[in-house]
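Can you keep this structure in mind? I'll have questions shortly.
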Amino acid sequence: MVINPVATDVWNEGDGAYLREVAREGTRLAVVNIDRGPLTIESYYDEAHAVPDVLRIVRENRDSYDGIMINCFADPGLQPARELCDIPVAGPAESAMVIASLLGHNFAVICTQKNVKPMVEMKAAYLGLRKKLASVEHIDLPVSELETDSEKTVEAIERAICEAEKKAEVAVLGCTGMLSLYREVVRRAKIPVVEPAAAALKVLETLIDLKVSHSKQGLYLYPVLEKIKGY
Amino acid sequence: MVINPVATDVWNEGDGAYLREVAREGTRLAVVNIDRGPLTIESYYDEAHAVPDVLRIVRENRDSYDGIMINCFADPGLQPARELCDIPVAGPAESAMVIASLLGHNFAVICTQKNVKPMVEMKAAYLGLRKKLASVEHIDLPVSELETDSEKTVEAIERAICEAEKKAEVAVLGCTGMLSLYREVVRRAKIPVVEPAAAALKVLETLIDLKVSHSKQGLYLYPVLEKIKGY
Amino acid sequence: MVINPVATDVWNEGDGAYLREVAREGTRLAVVNIDRGPLTIESYYDEAHAVPDVLRIVRENRDSYDGIMINCFADPGLQPARELCDIPVAGPAESAMVIASLLGHNFAVICTQKNVKPMVEMKAAYLGLRKKLASVEHIDLPVSELETDSEKTVEAIERAICEAEKKAEVAVLGCTGMLSLYREVVRRAKIPVVEPAAAALKVLETLIDLKVSHSKQGLYLYPVLEKIKGY
Amino acid sequence: MVINPVATDVWNEGDGAYLREVAREGTRLAVVNIDRGPLTIESYYDEAHAVPDVLRIVRENRDSYDGIMINCFADPGLQPARELCDIPVAGPAESAMVIASLLGHNFAVICTQKNVKPMVEMKAAYLGLRKKLASVEHIDLPVSELETDSEKTVEAIERAICEAEKKAEVAVLGCTGMLSLYREVVRRAKIPVVEPAAAALKVLETLIDLKVSHSKQGLYLYPVLEKIKGY
Amino acid sequence: MVINPVATDVWNEGDGAYLREVAREGTRLAVVNIDRGPLTIESYYDEAHAVPDVLRIVRENRDSYDGIMINCFADPGLQPARELCDIPVAGPAESAMVIASLLGHNFAVICTQKNVKPMVEMKAAYLGLRKKLASVEHIDLPVSELETDSEKTVEAIERAICEAEKKAEVAVLGCTGMLSLYREVVRRAKIPVVEPAAAALKVLETLIDLKVSHSKQGLYLYPVLEKIKGY
Amino acid sequence: MVINPVATDVWNEGDGAYLREVAREGTRLAVVNIDRGPLTIESYYDEAHAVPDVLRIVRENRDSYDGIMINCFADPGLQPARELCDIPVAGPAESAMVIASLLGHNFAVICTQKNVKPMVEMKAAYLGLRKKLASVEHIDLPVSELETDSEKTVEAIERAICEAEKKAEVAVLGCTGMLSLYREVVRRAKIPVVEPAAAALKVLETLIDLKVSHSKQGLYLYPVLEKIKGY
């Protein structure tokens, strides 16, 4: 199950097609979106309003799937979803950074706008990968405009990767909204480029194959659902 | 303005009385609670369901107050609230740890249940204070039972502080629900004890007096409110 | 009580006036300077010669005040003063960096000369805030010349803050000798600017209001005064 | 291709059978061992004598496979092998720790003898995961005796995991020689247990599926093969 | 030149004899003490009162020697002395920890009283060696009593080293007042033991032989001597 | 004993002459090279093929010398050599960085080619000195060409040190192949420059004089020599 944590279904089909191509044989996947929440996630405020409906979907489906992927580089709701589930839950930022850390001494993240830089630095620190994050470049385009003029976006990403190549050995695309442009971006880059939605899917397949899931003996305990009023 | 991020008003009056005593002369404060959300915050899941209504209150009141305090050691919604506001927003965990770091070489946090330990470690890391956090002790009582038998709770906290004294120079109470017991706890402790709700109030007063607020040139940008559907 | 750790009284009156304006109602403060020591503190050598007389003043006054502030960004004698006292002792560098860390993802310090950069980096590391210190800019003016040509100094600080804005979300003035220029500096800056003497005063008021002081169970033990010969 | 970096073929068949079960459909794998080198790897000295022959096998086969896995928790030769290859090279320690870091706040490694503890700490530091490594427990059995008395070994591992559970949320088996006992070990543990050979295989499949390999723009440059005398 | 930063000459002769034995052929050394200051250094307060007279001696002798050693584990005045001098200045704590870091994966420091533990942790952090400092054990004896009952002191140190051996690979004696007992302590220890006065002397010889001294292009600039009043 | 870990004797004589000049009176030293391995060490691949023969020499000579120095900035075989020996083993990178850390707040390393930068960063991290490593500059010359045109090499190093001076207080030459140019390089630099072969020799003398060697109670245990086939 793939959850697009945005209150629109415009990306479901395209994301599904892309991910099915990346998936290994035998993986079946459903892409759904939330009903209530932001149209795109670009701030803590957006994220806060996406999470409750992400959790509703997780709650309703946790017994029907082998794993859940939250398809946004902010990884919204990753931690409370893991509290709810016995199945593994993967997020693109976490997965992509971890894979990038295996491909070279350090990596850069290519993100959309200025405020994402400190967010990515904090996410990397939380994963223990702060020292491997050599730079965060931003292309200064809001998520909603990424696909308006694909060629322009690809060029902006290309410039950002060029800049990143001076400081880092690997690049991570810092927004799952860039996935339709991935192939073209890779063609132009000299360093390996990790696309985070694909990374999250493969990490999820790996955890399912290894039959391991998140520990329930520490950070993630089962929440008391009855305690919530008004949802 | 003090926001209790729980869907109950049982603590408003007591918390208000306590905080008014700590406040410096001239500070006027209103204590409100959220309508929709959890009764107590003890997991990421609880926190996720508290934040949207916290943000609604912040949105509706950001022009009417000099500062906002979110009265829970999870600091729920602290970051998106800062995106929304030009006035300072303070949280108990952040404030208490920062003050504790000024009182000795290291500090310990006394929290309620096991899963709060890694949460506190992450919060400290995010503040840059991970090396000053010498230990997290838990008393193994849910928040809802803290005031059931005050003497028993005080004794549990006392034992936890005793344990903390072996490893740390300062103790931080890791739940604003412990504030009614603070006076008794301090009386029994050999090391300084920081109560986080009071700490947040004083930090807020300090920021207001210094006429400084959160930077809007990096992490915190104004969110686009229209983008949210269903709230 | 405010101790100017320099062997001159030229700043006492101005500093007192400035701090009284920042102080909350009810705070009374006395500004004194040392008799023996340096005219300004710009090196470890200066600092070493200021500390004994700072400690003499602390020793003579520790029973007469609610708190002590050492008014210099080098925080000279902060640690031995805390050994001597049961009342809280605050320093501008420590206080200002801690407050800056609450206002954004990272901060910069604007200091006077080149050698202060590594000193500030070490101070930040000692506080656990090394990762939040994004840059140290220096204006290349000795402390004694800061007030010679105010407009020139303000412009130098403005340029340094401009440079800092590229890397950091918050600026800290790295010398209490800049306090008379603070208002003008703030007017020109796009990011929040923290003035350290005011920060130290507010931190001191906070600690006094919270009725907490430095732990005497670890780093700070009472010194044996009789052991010192010749002072 | 799976390289057992030990000068014996006794494990090839068993390891192959185990890994084929873990592999996803479509993965074909060959298990080979080195001719010259140690019988087991338990010291830097052993590792140093395994690497040249590992590299010979890599050199001879780098055009015939999609990826290479070095089947030993010391990850011997991982870095020079990556210099030699355009295909991805995975190692068990690196892969297992990275996967464990995704399953909880922290993890423990269960290793064989005392000297492996600092080695594991250094490996974790190199990966950026030092803060997530909560403990290293050792069972005090040399690798060569792991399979002598399986029940005794399983019990020793069980005790070590029990100890680890007090400090960590996830366990990593710190020797690929424990793979035949994995199923039994998992059955007895309360926390998730990661078996490193399986982890390395899945990481390798992931990198192959994502069509990414190690960056050749920084740490890993092609070596000049002609410069080596006597091999 | 060896400076004992205590206002007594009782150790000069013994320290001189000990150090001459450790010195390489050709090294000539003079041991002097300060006139004004503490009898022993066991607090920040003691240290603050030792430094001005240490600096007087450095100032008066900086042209007459090849290097200066400050003979106390607190390294009092090390930094301002380096500002004053073109010749190298070595301190026992710094030297001993650096040498210990070369002898194993981590080390422990055996110190006198409780408050020295955080001091040593900060010193190690300042040197970048915090992660290599595995523990600080204290024997709970004031410096002045170390030589009262040598056998008792040796036994206390032996017990502390035993404790350290559980956590660390190397031990550092955390007080130069333990040097007369070093030989006996080494005889009983299973791990290497570094005596800090000897370590400082050898580091000083090394710097002199390498013809290198402290950089004057950053942290250490020449102080303006005329600025100091009353010394 | 000095081991040149390269399969050529062209440097033995020059290195011997240089080191004998640096050595203190009484130190006698023999310079030998390996028979099998690379002509220069510039990659992990080169290093891997140098180590077995380095260890053969160590094994054959460990009872005949007071200490061993491995004369290459990659410190090849340092760790397994310490497992084999009771006498101290020193390496240039480790020794030079440790000495540089004593000479200023931070240091830079001047290395040959691009891929050495991440290697040096990892080496510094392993020593705990990552925060003191301010930059790594590379001169873009292979080791084999360092002495082809001395003047050109000296100029390249001079430019790199100039660049380093903007960021660091001390420079370390990052290749023992630069030793013949050291005197000229020092003459042109404004900051202290540490030559690593000399640094390793002095560190070795220091350890021998202090009668300490590597701990055998943790990381370094005696290897089982019989376990190795084919060497």
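For clarity, chains are labelled A, B, C, D, E and F in written order, and residue numbers in each chain start from 1.
Please note the rule applied: a contact is a pair of C-beta atoms (placed from the backbone, for glycine too) under 8 Å apart; a residue touches a chain by one contact, two chains touch by 3 or more.
Remember, it's a predicted structure, so these values are computed and weren't measured experimentally.
Spacing of chain C relative to chain F, judged by their CA centroids, is 44 angstrom.
Distance between chain A and chain B, defined via averaged C-alpha coordinates, is recorded as 30 Å. In chain C, the residues that touch at least two other chains are 105-106, 118, 122, 125, 130-131, 169, 218-220.
In terms of which chains touch, the assembly is arranged in some other way, matching none of the line, ring, star or all-to-all patterns. The complete set of chain-chain contacts reads A-B, A-C, A-D, A-F, B-C, B-D, B-E, C-E, C-F, D-E, D-F, E-F.
Residues 105-106, 131, 169 of chain D touch chain B in their complex. Remark: chain B residues 118, 121-122, 125, 130 touch chain D in the complex. Of all the residues in chain C, the ones that touch chain E in their complex are 7, 35-40, 42-49, 51-53, 55, 77, 79-80, 83-84, 113-115, 117-119, 122, 125-126, 218-221, 223-225, 227-231. Partner chain B is touched in their complex by these residues of chain C: 22, 24-26, 90, 94-95, 98-99, 101-106, 127-132, 165, 168-170, 190-195, 198-199, 202-203, 205-207, 209-210, 212-215, 217-220.
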